[in-house]
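Labels for the chains are A, B, C and D, by order of writing; each one numbers its residues from 1.
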Amino acid sequence: MQFLYSGITSGSIYALVAIGFNIIYNTTGLINFAQGEFVVLGGMLMYTTLTMFGLNIFSAFLITFILMFLVGILFERVFLRYVRLKTEINLITVTIALAIILRGIAMMIWGRDSLAVPSYVEEKTVLLVGGSITSQSLVVIVVCFFTAIVLSTFFKYTKYGKAFRACHDDQVASTICGIDVNLIRMLSFAIASFLGALAGAIVAPITFVTYTDGVMSGLKGFSAAILGGLGSFWGGLFGGFLLGVIEGFFAFILPSGFKDAFAFIILLLILFVKPSGLFGKKKAVRV
Amino acid sequence: MVLVFTTVALADIKLGAIFSITGPASYLGLPEKQTLEMLVEELNKKNGINGEKIDLIIYDDKGEDAEARKKFLRLVQNDKVIAVIGPSRTGTSLAIKELAQEMGIPLISVAASKTIVYPVQKYIFKTPQSDEQAVEKIYDYLKKNGKKKIAIITSQDGFGDTGRNALIAEAKNYELEVVADERFKDTDKDMTSQLSKIAAKKPDAVICWGVGPAPAVIAKNYKQLNMNIPLFMSHGVASKKFIELAGAAADGIYLPAGRLVVVDKLPDSDKYKPILMAYKKSFEAKFNSHVSPFGGYAYDAFHLFKMAVEKAGKDKAKIADALQNVKGFVGVTGVFNMSKDDHNGLGKESFMMIRIKNGEWEIAE
Amino acid sequence: MKKLNLFYLSFLAIVIVLFYIFVDNQFYKSILIYIMINAINASMLNILFGYTGVISLGQAAFYGIGAYTTGILTVHFGCNPLLTILIGILIASFVAFLVGYPTLKLHGHYLAMATLGFGMILYIFFNEFSNYTGGPSGLVGIPKLSLFGFGLDNEDKFYVFISIYFFIFSILLELFDKSYMSYKLKFIKESEFASKSFGVNVSRVKLIVFVLVAAVTSLTGSIFAFYSGFISPVSFNLKYSIDIFIMATVGGLGSIVGGTLGATMLTAFPELITNFEDYEMIIYGTLLLIIIMFFPQGIAGIFKKFWGRYVKS
Amino acid sequence: MLSLRDISISFGGLKALTDVTFSIDDGINALIGPNGAGKTTLFNVISGFLKPDNGTVVFNNKDITFREPYEIFSMGISRTFQNLNLIKDVTLRENLYLGVFEKEKPSFLKDILRLNKRLWEKVNKKIEDVMDLTNVSKWQHLKPDSAPYGVLKNFELARALISNPDLILLDEPAAGLNNAEKENLGLIIDKIAGMGIRILMVEHDMSFVSSLAKYVVCLNFGKVIAMGTYTEIRQNKEVIKAYLGDTDA
């Protein structure tokens, strides 16, 4: 049974990253390959504010989120707006390039070793049926659900939320209806960056943070987003947990070396059966 | 931070080095690079080897075979080095050892796997202990404490793979039964499912073979599942960094390690103490970060090179022969006794069994 | 059919020959060998993605299939080297067909994810079946290739072999680019709907291209195995798939010289800044950023503009 | 020639077409009806992109209901598109390659090794002829984005024509054209019909339909409500109601 808890713990990490992917996809239709680096930066900033400056947890979180919010804005304002030919592939390759730069900067500032971040909640193990889960993992799971709820209500019911979704469906139409598309694009990157930082920050105590983590967390987050269906928050959440549990399950029944392989095999099978992911709506292709 | 020390005087002893300074194995490469730079700087102050300064050229192979091969050729062809120290990883060392042998360039690898120096080749040496020696140290300890069934959990990289092979092979000679053989990736975040599988098999001891952050995650998961079976780790985690990461979960972990980590606990009569203390003091003063066994491998490689050049001058073939005849060199990692059929020269005694007790190392012989 | 760009082909030939004569330093030769290997892989990805619009982030897997087939068959089974190349191509084509059939009906990000996942699965198999593949610590002792009694055991000899292979490959690329076939693929890329309406069996063509690209990538993998004599999974992981993707994009997607230009630049460039390890990633990323942001057609676009403005007109 | 029998198709509850039955023969035929009547859906069924829930499509007495679009093309049906579908990356002339090459079934090897000079000459000749017919040769070396809309429409027509099909499906050919261009297009369509090629066009512009179409079918909410010559259709109460709404409400 322990694989379930281990699956949920890593699953909640994937879910948070997946939600970050979905925000940017929901408004700009892009896949941000630097999402993994946002997670790393979130963790690194928490390390700096908490251990280096010894601030209390609340102000540490605050500083980290403000900085990452600005990084997101800078990201979109400077890099994505001045791309001359704004094809999807060009913009995605820009995010790949930025991911490499961010990784280089992280290595420069925080060095090559993994950094430990003190846990925010008093470390104790919660015994459950047939296994156990740490208090820190519970925090991650709770924050994960909380974010999904907040975001889906924001996107479904608030005025701004609808504007975000309108931009994705048809940017031209949204502009005509008076939506400032540029502002929305900027905000979507800012929120995605904030979310990446949130994921990185609350996960750091469990997994430590190393400058090379970005690739793997980005990859797992992306597969979770695809698994759940691009664009849907609940899809991203469910996809993340499902991916985590699948990995945990295969680590349990198979020689654990193969767990990632089988997780990807499952992902491929789902894609073949339902090409738009479990919750994804089939994008109507105008003939 | 230009690395090419081209001093004006006739710097004609050209020494090359290849480490994994960036990429996944960068925590290996950096201390190695820093140690080598420090030693060359110190030696050049005392104007090098019999009057000739050393021109050190270091390249980064990013832990990739193709890069290691390119950088090796660059050192040999462009920079005309007479010997190469490194690479840091087993994979990259194996990628260039044939080339080094063909081109007659003495290569002193700082990677662990026995396959680098076995079968023995004239120009190929290595300074880290082999996994077999670390495994023997652990198995001796297990035998002494009457442990019969062991579980192993090893990382999916060069270090973990060779460790796993050694653990399984040596287990036969020590009549230990391997009841569980689990793997993990160094980017995995949670290994509780593997550990719970191990717990179900009720082993007498668990041995985790890996480097970097992942073993620290295993230590924490171990505590989370409160498995009270003794946990052994490899010499890969013998650094303050590991204790920092694992925190309280590191307590009670046994691991074989070079003397470097417990130098201040060694009795003064210990013949290693002076060298270790000197290295530790100068390294920590210069780079204000903890000294690590990986840096120690580079330390020994450099001194082996220095001795060989002092004896044999700059002829590559003679250097290789000189290296092969090094006897009783007391290095940081242990006592090196090279021979025709052992280009590593280290024995089991280069390891000490140590235990982590509330954040400090403690000798557990 | 369009006129062949003989100027480019002869320029290529001259550069390769001059380089052989005047540069006897094996390091620069090894750099050029890696450039050629990457150029072939990037050009094939360019045909798959730049021309036909089929994105794949798993090409390193086929590159690995070729290398490991050669490695395993020669080291464990003492197979004749040339035969292993052929077997590698057959296996890669079969795997490409098996994977391609269901995958190619996907599009965009989902296709990218499927191919990326496939690449990861192969990478993990290379790591896990260690009694054959040597696992993470790799496979040692792959024999040298010898053609018609002409042993390719040092950089110079191998350089000759691979530049012949690369030159023939470039000629075929040029022939392909100037034939109707390249139009057909571009039609598919821009509008599968229009192509289908005018008699193009889109799914079959995409599958054929996918298999062909996999076959050539596997062939190059086998050659890489013979060249380095040692292979380990690290060279066939996601990073390599992304690298050749970036080379094709920076070089110029949809232009036949894109792969080669991108590979030349991005393989040679890291060699220039080796003394700045810590900064290398930042410099590499910035260079990439500038090209993508301000030269969307890639380096080929720059040449074409330059070529169009000063030479043709 | 082309006959449809009880074609019905629904997209999740929405009945797009119900029991559409009609057949057309030589000359110019028009398919009219208000927006959303299912005209383009019917085109997509005929050209093989949509599989009907039931009913059959028979062309030259061969059942093509479930054939793939590329097979249907090689049997002699080509089409134009409601919103232009030209390839922007290549010149307008090169767009015509798409229309002609697949019919010629070029061999891959000969094509690569440049041994098919004769085929290229034949293709170029066809291109010249079809461009003369639609008088668009002037713009042939431009890319689609830099040519006027009318020219692009003609190039799409040329592309449909170049494989000398038995039947061309024209999807709103006159849409977006000014009177002069419409007039010119009418002449071209007449010439094409004169060459023995049958035409089925979806069109709203009644004056255009009246001047060209010999036989008209009217669709409304996916059902055929009237068939016959243009004059008969003109007075049919059902058609008027469908278009102008109920006059005696």
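As a working rule, contacts are C-beta pairs under 8 Å (C-beta built on N, C-alpha and C of every residue); 3 or more make two chains touch, one makes a residue touch a chain.
As the structure is a computational prediction, the values presented were derived from the model and not from experiment.
A summary of chain positions shows that the Cα centroid lying nearest the centre of all protein Cα atoms is that of chain C.
Distance between Cα centroids is largest for the pairing of chain B with D.
Look at where the CA atoms of chain A average out and do the same for chain D: the two points lie 48 Å apart.
For this pair, chain A with chain B, the centres built from the Cα atoms lie 36 Å apart. Averaged C-alpha coordinates give centres for chain C and chain D that are 42 Å from one another. Contact of a single residue of chain C with at least two other chains is seen at positions 127-128, 193, 278, 280-281.
Annotation for chain B: residues touching 2 or more other chains are 22, 156.
Chain contacts: chain D has residues 49 touching two or more partner chains.
Contact residues of chain B toward chain C in the complex are 1-4, 21-22, 59-60, 63-66, 69-71, 73-74, 76-78, 90-91, 94-95, 98, 102, 113, 115, 156-158, 160-162. Of all residues in chain C, those touching chain D in their complex are 1, 172, 175-176, 178-181, 183-184, 186-187, 189-191, 193-202, 254.
Chain D makes touch with chain C in their complex at residues 47, 49, 68-70, 73-74, 78-79, 81, 85-90, 94, 97-99, 101-103, 106, 108, 111-114, 120, 159, 163. Of all the residues in chain A, the ones that touch chain B in their complex are 2-3, 5-7, 9-10, 13, 107, 111-114, 116, 125, 131-134, 203, 206-208, 210, 212-213, 216, 248-249, 251-252, 255-257, 260.
Note for the complex: chain A touches chain C at residues 25, 31, 79, 82-85, 87-90, 93-94, 96-101, 103-105, 107-108, 215, 219, 222-223, 226, 230, 255, 257-258, 260-261, 264-265, 267-268, 271-272, 275-277, 287.
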